[in-house]
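Both of the next two complexes hold chain A, though its partner changes from chain B to chain C.
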Partner chain A sequence: MEKKLKKFLSNATRVAPKISKKGELFELRNGLVSPYPQTRKDAIKKTIQQMTLGKDVSSLFPDILKNIAASDVEQKKLVYLYVMNYAETHPELCILAVNTFVSDAQDSNPLIRCMAIRTMSMIRVDKILEYVEIPLRKTLQDDNPYVRKTAVICVAKLFALNKELCQELGVLEDLVSALEDSNPMVVANAIAALSDIYETDPSVVELPKLIQQHVSQFLLALNECTEWARIVILGALAEYTAKDSLEAEQIIDRVTPHLQHVNAAVVLATIKVVIANLPKIQVNVDSPIFSKISSGLVSLMSTPPEMQYVALRNIRIILERYPLLLSRELRIFYVKFNDPLYVKLEKIDILVRLVDPCNLKQCTLLLAELKEYAMEYESEFVSKAILALSQLGVKFSEVKFVRKVLDIIVDLCQTRDSFQDDCMVAMCNLIRHTGSEQDDMITQVCSLAQVWGSTESVFQTDYAKCNYIWLLGQYSEKFSNIDKSLQVFIDSFTHEESLTQMSLLITVVKLHSVLPGAMLQNLLNLATTSTDELDVRDMAIMYWRCLSLEGENETLINELCNAQLPQVATTLDAFSPELLETLLRELSLLSSIYYKPVSTMTRYRMRTTNAVKGKQLNELQYMARDEIMKNMNEDNLLDFDGESNFAANATQPSSSVLSDINDLFDFAPVVPQHLQPQSQQPVDESIQGLSLHEKHGSAKTSQNSNTQDLLDLF
Partner chain B sequence: MGNFFSSMFDRLWGVNKEMRILILGLDGAGKTTILYRLQMGEVVTTKPTIGFNVETLVYKNLKLNVWDLGGQTSIRPYWRCYYSNTAAVIFVVDSTDKDRMATASKELHMMLQEEELQDAALLVFANKQDQAGALSASEVSKQLNLVELKDRSWSIVASSAIKGDGISEGLDWLIDVVREEQL
Partner chain C sequence: MASCIFFCDSKGKTILSRRYRNDVPPSAIEKFPALLLEAEQESSVIPPCLTHNGVQYLFIQHNDIYVLTMSCSLSLNVAQVFSFLYKLVDVLAEYVKTVQEESIRDNFVIIYELLDEMLDFGVPQITETKMLKQYITQKSFKLIKSAKKSKNVVRPPSQLTNSVSWRPEGITYKKNEAFLDVVESINMLIAANGQVLRSEIQGKIKVKSHLSGMPDLKLGLNDKGIFTTDDSGSKMGASSKGPSIELEDIKFHQCVRLSKFENEKIITFIPPDGDFDLMNYRLSLPIKPLIWCDVKIKVHSQSRIEIHCRAKAQIKKKSAANNVEILIPVPEDADSPKFRYSHGSLKYVPEKSAILWKIKTFNGGKEYSFAAQLGLPSMNDIEVPKAKRPIEVKFQIPYFTTSGIQVRYLKVHEPKLQYQSYPWVRYITQSGDDYTIRTA
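== the complex of A and B ==
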C-alpha cells in the first residue's frame, strides 16, 4: 500500500515535466526507452535528424542500441545508420549489438541480411570483427544474389580493417570462387573487391592469374550488369593479355558495343580494353574498329565540360599512339564560345595533334580557325592559339603554308600589342623549321624584331628573350645597332633566367669579332662570377678557355657557335615510349589526367610495404650509380679528345695554359674513384664532388684571368 | 499529426503499452531458451548470447517486451543500460551449477540494489530441474539468500526450460503481481 502511494505521488509530479531544464537529449532518451513502440520510433527519427544536422547525439548510443532488434525494417535501417555513425565513439557497447547482427544476418528478409553484414563489416571495432565469421560465411553462400554481392564487398572491407583475421578466416577463397558466380553483379563486385585487396597487398591474391582464368565469366557478365559494374569488369579485362590474335579479336568484338554507352566512364574503360588488345591483332588504318573508337570518343564531346576535359586528356594520350585516329572529326573539337578555359586550352592542343599533316584542305581550315582564336580576349587562350599556329605550320611543313602562317602571326603582331612573347617564340620556331633558305621570311621576322628591340623590355618570359637573342646572333647582318640591343640584356644579366643567360653568352661569343671587345670581357666576367646557374658558369668558363687559347681559336669558336642546328621537326611535346605505354594501360584513371603513372603517386607509395620499398630504393641506387658511371666514361672520352686537340693546337706548350686545362678537366677521371667506395649514396656524393672540383677550377681561372691572355687575343 | 493522435489515444487507454521484463542470470543458465520457450513454445538451439535478444509477446492481454541479456562476465556490466522502465526481472539460475551459486547470488543482490529496479518484481527460475543433481527450489533460494529481500514481491519457481515445466506457472505469478502494481 505504501508502495502504491509512493508511486502515485511520483506520478503526480510527472504530470508537469520540466522540459527545458534537462534539454533535448534527455527528452530523446526518455522517448527511446518509452513503453510505447510508436514513441520510440519517433524518438529514433528525431535522433537521426539531429545526427544528420551534425549535432553530437553519441551519448544516446546505449538507448538507441536497445531498439536495434525491431521487426520494423524502417526502424532497423535508422538504428543501423546511427550505429554506423557512432560505433567508434562507443566501441565497448557495440558488443551488445553482436547478437542482433548475427541473427539479422539470418533473417528471412534479404534486405535485412544485407544490412546486417554490411554494417558489421563496416564498424571499425575489433570486438565486432571477432564475430563476423559466421554471418560473413553464411551471407557469402546466400541464395539471394543481392546479399551475396554485398557480402563479397564486405570481404574487402574486412581485409582493409584486419588483414590477418581476413586471411585466417579464409574468406578470400570464397571471394575467388565468387568470380564464378551465376550472377553478373556478384562477379563484378568480387573482381572489384579482389582488385582492392590486390592493391593493398599484392602478395595475398594472385589477381593477374585470376583474371587470366576468368575472362569468359567477365565477358558473359559484361552485358548483364549495371554500368558501374561494367567499368570494374572492363578494368579487369584491360589487364588481361590475350593468348593470340583470335582471342584478342574476340574480346574486342565483345566489348565494342559498349562504346555507345551513355556513361562516359564505360566508354573510356571500353576504349582502354580495345587499345590494350589492338597490338595483338593485325589492323590497317581504315579498319572499322578505329572508326568505332573514334565515334566513341566523339560522343564524349557532348558531355559536361568537366567530363570533356577528362576525355580530352585521354584523347591526347591515345593520339600519341594512333595519330590519325580522329583526323576526320576535326570539327567536333573546334572551340565553342561557351567552353570553359581549361577545355578550350585542351581543345587547341588536340586540334593541332589530330590534324592530318598530309591534308592541305584540313590544315587550311584549321589555320583559319586558329586565326580566329588568336583574336579572342582571354590571354592564355590567345597565347596557346599563337603557339598552335606555329605548331601547325611546323607540322604541315610546306614552305607556302609556313609563309601563310608567318603572315598571320606578323599580322597579329601589328594588330595586337600584348602578345610579342608568344609571337616571337612562334616565329623563331617557324624560321628554324624552314631553315635559312627562306630569306624573305627571315627578313620579315627580323625587321619586326628590330622594331621591338628599340623599345625596352618588350619581352617578359625567359623563353621569348632567349629566342630573341638567338635571332640576333643568327641573323646579325639583318639588324642594325646590334650591340645596343645586346647591351640592354648584358646590363640586366644578373636578373635574367638561365636560358636567356646562356643564349646571351653564345650570341656574344659568336659575334665577338663584330662587337666591342669590352662587351665580351664584361659578359664573361659576369657569367663566371655573379650567377648561381652551374650550366651558365661552366659554359662561360669553357668559352673563356677557348678564347684564351693561342692560335686557331677562331676556327674553334666558329665550330662551337656556328654549328648547324638541327631542323625543328615538331614542336609538339611527346611522352617517352615507356610513359606512353604505362599511360595507355592506365587510361581513364586519374593518372591519365596528370600524365603521371599511378606508381608515382604518393598514396600508392605509402601503401607499399617497407620491404618492397627498400628493395626499390636499392635498385634505384644501383641504377643511378650505373648511369653516373656511364656518363663519367662518356665525359672522359670527350675530355681526352679535347685535350689532345688542345695539345696539338698549342704549338708552344706554354706550361701555364696546359696545366690549367689539365686542372680544369682532370676532375672527371677523379670522380669515379670517389664514387666506388661510396656506392651507397652515389648521387649526392658525386654531385658534391663535381661541384667542389668545379669551384676549384673556377677559382683557379679567375685567379689566372688576369687580362694578359685575353688581351693577347684581341 | 495522425501519429501524434494515435499515440495520444494509445496512452489514454494504455492500449499499446508494453511491459518491460528482463531475463538475467549467469551465462549458460538457460535465459535464451526460456525466452523462446515463452515466445514460440518450443525449444531452440542457442548459442551464447553476445548482446541481447528481445521479443514481444502477448500474455493474458498484456503486451510484454521481454529482454534476454547475455550473461558473460564481459557483458554483465552493461545490464544496467537496460534497467530503466523495467516492470519485472526474471533471474535464471542453473540449479546444477553449485560452484557458481555464490557468484549468482552476488550478481543478483548487486542488481537489486539499483535505484531503477526498486519497483521491479523478481521471479527466480531454478532452472535445469530435468538434469540429475539439480538443487531444489528451496535449496537454491537458501543459497541465493532470497529471504533477505525486503520490500519487494518475489518468488522462486523450479523449472525446466527444455521440458517446459514451471515456466508458465512462474510467468502467471509474475503477471499477477505486475498487473496489481500497474493499477
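== the complex of A and C ==
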C-alpha cells in the first residue's frame, strides 16, 4: 500500500516550472532535468509553448533531447514536435539526434517508426541523408501500411532536399512499385509523392506513363480509401488518356458514383475526370451524364463560400465548352443576401452565361432578377449587375427585349445618381448591338448623354469616357454644342488615359468638317508631342499624314471616317480555344481560379538558402556546439539577478551541460578523435570567462536585497 | 500541395503555425496582414485567395481567426485545400469545442499533434475524428492517466488504413440503438409582391449510432424517394411518370457504399460510432411559403415609419410551427417604437436595426398580425446608402417533412453478435439560412 502510495505520489507530483520573467530558460532547463517524469513532461510542453510564441528555445535542445529515450509515447511525441520545429531552422542541432532517430525507426511501435522517419526526412542537412537510407528502405517495406504510407511521402521530401542522392539511393524505384501496393492509402500517397517529384523535375519519373500503366489499380483503390486519397487518385485519373471510347465510358461509369460524395473537392475532382473523358465518347445533348455533371455542380452551391467561389470559377470554364449544361438550374445561382461579395459577383457572371438565349421566359425572369440587383447599394455589385443587364440584352438579341433592357437602364440612371459610368458603357453596348436602325433607342441614349455631358466630369473611368466620346462621334447629329463637349476633353487630354485619347482622336478627325479647324490642329499637336502612349502618337501621325495628302485626300478621309463598325455579337469575354483546352485540364487547380495555366506562370521556386549544405559532419557539430554555448551564455548573463543563489556553484551546471553535449557528440564514429581536444579548448575558455563573470556578479548582488535570500537559503 | 498551415488572429498575425515544405520563404507570412489590409482598401471584394510575389495565400475565416495556407505552385488543388481547411476546423472543434484565438493558444500541443497527423508534406492524410481520438489522446489531464498505465501504449489503430477507416473494432453497448433525424431546411426567396423566386429544400439525415460490433446497416426510404422509380438505374431519379419527387444531388457520408447505391439504389453502410450526417439531399421544387408574411411599410420621411404585418402559417391544421421569429428591418436611425399586437412578443432590436416578432407556437391555418410605428429624426444627414435588407423568417415544424420523404426501415445486421436493435426516427422541417422576403 505504502509503495503504491509512494509511486502514485512520485507520478502525481508536478513541480510546475515557475516562469519568472528573467529566468524562463533556466527554469525550463531545471524542469527538463527534473527527476519527476510529470515535471519533465510539463517542462517540455512549456518549452513548446515558448517556441510557439516565437521565442528561440534552441539552447534547450540537448536537455530536451535527453527526454527522447523515454518509453512514454506521449513524451516522445512532444520531443519530436520540438525537434521537427527546429529541423527547419536549426538543422545543425537536429543532427545531434540522429542516432535516436535511427534506432526509433526500428521501434516496435509503428507510431514511433513513423515519427522518426518523418522527422529525419525533414532535416535539411546533406549529411543526415546518409543515415536516412537504411531506415527509409526498411520502412518502405514495412508490414504496417500506416508506416508505408508515411515512408512513401518521405521519398518526395528527400527528393526535394537532395535530388541527386535520392536518385542514387534508388528509392524512386521503390516509390514506383508502391503504386501497386495492396493498401489504397499507400497508393494515393505514392501518386501524390510522384506528382510532386514530377512537378519539380519531369525527367526523373515518367508520371504520365506510370499513370497509363496503373489505371486499373487506381480504379480499384478508389472505392476503398479516405476522401483525401480519392481526390489524389481522381487527380491522377484525369491525366489518363483513354485508349478508345469504350475505355473512356468505363472510366466515366466507375467514377460517377463519386459525384455523390459529401466532400466537395471529391465531387469536383470527379467532374474533372468525366470532362476529360467526354470528348472521347459519343454523347448527345440529353445524355444522362450531363444531368449528373449538372447536379454535381449544383450541389457545390450549398458549400461554404470559399468552395462556392472555386466552383463558380470552374463552372465559368466548363460553361464555355458546354454552354447549355446548367440552363435549367438558373435559380440555384440567384444571389443570396448573405453571400460574400466575391461570390455575388461570380454568381452574376454565371447567371448571364448559363441562361439559354432561346428561352424568352427564362431571360425575362433573369432580367427581373438583375434589375433587383441593380437596386442594391454595394457599388461593385451594382456595376456588375448593370453590365450583366447589357450582356443579357445582347445575348438574347431580340429588339423588343433589348428595348426593355434599355428602359431599365435609363430608369436606373434617373433614380440613382452614381453609376453613370456603368450605364454609359451598358447603353453603348446595347446600341452597338442593335445597329443604327433603332433610331428611337439611339435618341433616348443620346438625350441622356446630352444631359450628362453638360455637367463636367460625370465620367470617371477610362472606358466610360471612351464610350461617351464614341457616341458623340457616331451620332453627332443628335447632340448640340458638340464642339464644347469635345473641347473639355481636349483641354484635359494629357491627363486622360490611352483609350480616351484614341477615341478622342478618332472622333475629332471624323468630325473635322463640322468642328472648327483649330481644334483638330490643336489635338493633333497634343497627340504627337505630349503623350507617352506610342499607339496614340502613331495614330495621330498617321491621321495627320492622311489629312495633309494631296489629291484623293477626300475619299481617303471619308473612308477613314465613315467606316461601318461590325455589329457587336456578344459582350461576354471568352477564352481562346487553346486556353480553354488547358483550363479544362486544370480544373480545380489554383490556375483555374486565375484563368492562368500553370505553364504560363514563371515559377517561383524560392528555396531559402541552405547554409549548411555541403558541410562536413564535424563542422556541423562545431556549429551546433557554438550555437548552444552562445545561447547559454546570453541566457546566463540575462538571468543573473534571479539566480544569484546558484552563483556559488554556477560553473557546475554549465560544465555538466558541456559534458552532456560531449556525450551527445559521441554518437557517431565519424568524429575523428584527434579533433576532440582542439574543440574542447575554446569552449573551456569561454566557460572560464563565464565563471569569472558570474563570481563578479555574485559579489555585487550579494550586497543588495538578494543577500537576504542567500541567508535564508543557508 | 499546401506548404504550411497558419492560424492567424483577426489582424492576420500568427498564433500558431506548422510548416510542411520548404518552398515558401518563412518571411512570406509577415506580408499577410498587409495584403489583407491592401485588399480591403482597394475594394470591398476580398476573394479567399491572394497572390503576392509568387506566393499564393489561401484562407478561410472562422470566428475571430484566419486559417491560412500558402503555396508557390499554381498546380495546387484549391478545392482540396478549402475542403481540408474546413475539415481541419471541424476536427479541432471536436477537440477544443469552439475554435477561436483563445482556444488555439490554450491547446497548442494537441493542435501540433493533429496537424502532423492530418497533413504530411502538404498531403491530407487522416481526418476522421473518431479514429484520431484513438491515438491522439487529448489534454493534460488525460496525459496523467496514460502515464499510469504505461503498458497501454498508444499505437495507430489498424483500421486507420483499412477500407473501413472510420470505425474501430470492439465497440459494445448494452442497449443497441440507432437514432435517425430527418431534418429539412427550407430556403426560400420571396419577392415583395409575394411571388416565390426561388425555393429549395436542403435535407439531411442525421444518425446517432449506439451499436455494438461492426454492424452493417441498410436504409430504406419511401416510394417518393429516388429508389424505386428507375429500373435501368442509369438515370438517377429522373422518371417522368407519376408525381414522384426528384431528390437532386444526394450526398453521402463516406461510409456509404457509393457504387452499390449507383448500381442497385440501395443505401448500405457500416456506420461510424456516435453522431454523423448520413446523407444530404436537395430538392428544388416549387413550394408555397410555409410561413407567409405580408408586410407593408410606409415611410413618412423625416417623421415616422409605419409597419403593418400579417403572418400566416400555411401548414396543416393539426401541425404547428414552433419558435417562429420574424425579423423586419427598419432604418438605423428609427426610435420610440409603438406596437399593437395580439400574439407572441414584439420588440425593437436597435443593434440589428430591426423589429423582432417572436411567436412560440403558431398553429396551422392561423393568421396573426401586428402594427408598429417608429419615429424618424426630423433632421436628415446626407443619405448614406445602406444595403437593402430583406425580412428574415425562422421557424421549426416538428413531425413533418416538406418533401414527404419517409424512412421505411433501417435494418441492422451484425454478423457476429446478432443482437436486437431499436431504430428511432424523428422528422423536422425548419427554415434554412436563407428564408427571406424582399422588401419593396
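We take it that the second predicted complex is superposed on the first by the 528 of 714 C-alpha atoms of A that agree within 3 Å, B and C clash if a C-alpha of one lies under 4 Å from a C-alpha of the other, contacts with A are read in each partner's own complex, and residues count from 1 in each chain.
Assume a residue touches a chain if its C-beta (ideal position, glycine included) is under 8 Å from a C-beta of that chain, and two chains touch if they have at least 3 such contacts.
This one's a predicted model, so the numbers in the text were calculated from it and none came from an experiment.
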Partner chain in contact with A:A160 - chain B first, chain C second, else both or neither
second
In the overlay, answer first, second, both or neither for which of chain B and chain C A:M427 touches.
neither
For A:V33, select first, second, both or neither according to whether it touches chain B, chain C, the two together, or no partner.
first
In the superposition, chain B vs chain C on chain A residues touched
C
With both complexes overlaid on chain A, does A:L207 touch chain B (first), chain C (second), both or neither?
neither
Partner chain(s) touched by A:Q49 [first = chain B, second = chain C, both, neither]
second
Touching A:L60, do we find chain B (first), chain C (second), both, or neither?
neither
Set intersection of chain A contacts, chain C complex versus chain B complex:
37-38, 42
Okay, in this complex, where on chain B does chain A touch?
3, 6-7, 10-11, 16-20, 49-54, 65, 70, 74-75, 78, 81-82, 84-85, 119, 151, 181
Can you list the residues on chain C that touch chain A in the complex?
1, 14, 16, 19, 21-26, 43-49, 51, 53-56, 58, 60, 71-80, 82-86, 108-109, 112-113, 116, 120-121, 123-128, 135, 137, 140, 143-144, 146-148, 150, 153-156, 160-161, 163, 165, 189, 191, 197-198, 200, 202, 234-236, 238, 248-254, 257-259, 261-262, 277, 280, 282, 284, 385-390, 433-434, 436, 438
Of all residues in chain A, those that touch chain B in their complex:
3-4, 7, 33-39, 42, 62-63, 65-66, 69, 93, 95-100, 102-103, 131
Contact set on chain A toward chain C in their complex:
11-12, 37-38, 41-42, 45, 48-49, 52, 54, 71-74, 77-78, 81, 84, 88-89, 109-111, 114, 118, 124, 144-146, 149-150, 153, 156-157, 160, 183-186, 189, 192-193, 196, 199, 223-228, 231-232, 235, 254, 256-265, 268-269, 288, 291-292, 295-296, 298-299, 302, 304-307, 309-311, 329, 331-332, 334, 336-338, 340-342, 345, 369, 372, 375-378, 380, 586, 588-594, 596-598, 601-608
